[in-house]
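Pasting the structures here.
Below, chain A partners chain B and then partners chain C, in two separate complexes.
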Partner chain A sequence: MQDLIVFVVLLSLGYFAGTMAESRHYRSIRKRERELLKLPAVTAEDFLDEGREIEDVRLVHGSVVISIDYFKRILAGLRNIFGGEVKSYLTLIDRGRREAILRMKQEAADADIILNLRIETSAIGQNANRRKTIGSIEVIAYGTAVTLKK
Partner chain B sequence: MILTNIETIPGKKIVEHFGIVSGSTVRAKHVGRDIMAGLKNIVGGELKGYTELLQDSRKQAMERMMKQAEEFGANAIINIRFATSSVTQGASELFVYGTAVRVE
Partner chain C sequence: MRYTPKEPRENVNIVRTSLLKEFFLLAGGILTITVIVYTALGLAVDLVVPRLSPGIEQRLGGMYSGMYADTGDREAEKRIQRILDGLTSVQPEERGWRYRVHLVENTTVNALALPGGRIVIFSGLLDVVDSENELAFVLAHELGHFAHRDHLRGLGRRLVLLAMVTAVFGQESSASRFIYGSLMDVEMKFSQRQEEAADLWAVDLMNRRYGHVGGAVDFLEAIARKEKRSRFAYFFSTHPHPSRRVKVLKEYIIDKGYRVRESIPLNGL
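Moving on to the complex of A and B:
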């Protein structure tokens, strides 16, 4: 009985706090994405604007470790039985990637373009080597920031 | 030292290649952070302690790589790649590698 109560408390805590945190995070991501629209990050390696003089070239990176809430973890566990798309992990990874890109862009705020953007994701934490579970993920985004002479 | 993750350095000419340089570090987290992360696992969201820990370790790996490049006499590293792997429960290896070059 006690186990059940703990389970329900964790589940509802995960659901309410997790949903709130997620929508707050998404609002902040969208706001910052709009602010940083003028700094494009591209996967191309070539620099198209050959004519202009280059002032500075440097490596920039941004990273984030993000974890899923208890409710979604249970939901994903159920999804493992029936198969299909695991939507609850989708938002986790999407949030992580967008946040990492934003942090990278913030580090390169004075640059004109970020070339060869690469995104890497890895599972870390105590659940990393356990079967079937993703505890938390680390996302790192990195690229080469190029600043042109004004 | 100029660092890029593309094959060239825009605006500069590469005059000499020194081959691969790399740096790595294996880090474990401490108990306090682990407890906080355990709590955060219930409500979800960013684990700031881990983010900082991994950023510090990555910086250390990059410093090791840059030191190696300096010993070669290089003044830039191109084509840098990052890799992360989880070696045991609770410890991560951060690995960074690139090609050391000299530019004009």
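Moving on to the complex of A and C:
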């Protein structure tokens, strides 16, 4: 009985806290994405206007570690039994990648363009790559920030 | 090439569905499947248990010998054994062994029926009982479990449940704890019915041994007085609430027309 109570408390705590944190994070992501919209980040390796002189080139990166909440983890565990799309992890990945790109852009705020954007994701934490579960993920986005002469 | 900044129209990478709905759907599915398999296996256990020979049961009981290895007061144990012998001499069914009582030093107010005809009495129980008849009721209640094979059934079902849950979810996962917990609660309801049946069986046996049933209700009333937990706490318990047991027992005694006489006092037990 005690186990059950602890489980239900953790589950609802995970659900409500997780949902709140997620919607707050998404609001912040959307706001900052609008602010940084003028700085393009592209996967192309060479995308420069002919004849413009380059002032500065440097490596920029942004990384973030996000954990999934208890509710979503249990839901994914149940999904593991039946199979199918693990929807509870989608927002985790989406938030991680967008946040990492945003941080990278913030680092390159004075640049004109970020070329050769790459994104990598890895599971970290106690449960990383074990028991088929994901505790938290680290997302790193990196690219080449190019500043052109005015 | 011109770069014109614009926001993405919509996010195709996330699915806007209710995760809560998905959770209840999946958890419900798992629970249903487990309950079906568990019920089937439980019925199989019920089928096997009455056919278990006394020899096999005694060997099974050997696994629990550690539980009563350090027994308490030997003198008191002998006296309780005499009360038990008196009860078993009028028992309707012979199981081919002598029922043994073991007194274990422990403050818990409880008694257990173990496979192989062994009854464990925790010494905390002796502080609650005032008369030989009250103690006889406790012993007869445990003998009732033996007569109904409850001690084996409970064992078998719990084994089935544990084996199933660990097979599907692994040993230490929270999902297996959740399922084990919720199914144990169903099991508890089942066991509350068994406890009531054992109570009634005990009253019958007491009437045969003493010619009256004095002391039976007294014991449960003493337990009910000591009980601080509410009725709600008993919803998920192996035993029904003592005051409910008192009510059921009183009705049964009136129904059967059993007499209630003075109990035999217990001196210094």
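Everything below uses one rule, namely that the second predicted complex is superposed on the first by the 149 of 150 C-alpha atoms of A that agree within 3 Å, B and C clash if a C-alpha of one lies under 4 Å from a C-alpha of the other, contacts with A are read in each partner's own complex, and residues count from 1 in each chain.
Definition applied: a residue touches a chain if its C-beta (ideal position, glycine included) is under 8 Å from a C-beta of that chain, and two chains touch if they have at least 3 such contacts.
Bear in mind that the values here come from a model prediction, so they are computed numbers and not experimental data.
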Joint occupancy of chain A by chain B and chain C, clash or fit: fit
Cα-centre angle that chain B and chain C span when viewed from chain A, reported as a multiple of 10 degrees: 110
First, second, both or neither for A:Ser136, with chain B first and chain C second: first
Touched partner set for A:Glu99, first chain B, second chain C, both or neither: first
Of chain B and chain C, the chain that contacts the larger number of chain A residues: B
Which of chain B and chain C A:Glu120 touches, first, second, both or neither: first
Chain B versus chain C as contact partner of A:Val146, first or second or both or neither: first
Partner chain in contact with A:Ile74 - chain B first, chain C second, else both or neither: second
Least C-alpha distance (whole Å) that remains between chain C and chain B when both complexes are overlaid: 13
Common ground on chain A, meaning residues reached by chain C in one complex and by chain B in the other: 10, 47, 72
Touching residues on chain A, where the partner in the complex is chain C: 1, 3-4, 7, 10, 15, 33-34, 37-38, 40, 47, 49, 71-72, 74-75, 77-79, 81-82, 85, 87-88, 90-91, 93-94, 113, 131
Contact footprint of chain A on chain C as seen in their complex: 1, 3, 5-7, 11, 13-15, 17, 19-20, 22-23, 26-27, 29-30, 168, 170, 173-175, 177-178, 180-182, 185, 236
Chain A contact footprint on chain B (complex, rising order): 2-7, 9-12, 34, 37, 40-47, 50-51, 54-55, 58, 80-86, 88-90, 92
Interface residues, chain A side, partner chain B - complex: 10, 13-14, 17-18, 21-22, 25, 45, 47, 53-54, 57-59, 61, 63-70, 72, 92, 99, 115-116, 118, 120, 122-126, 128-130, 135-136, 138, 140, 142-144, 146
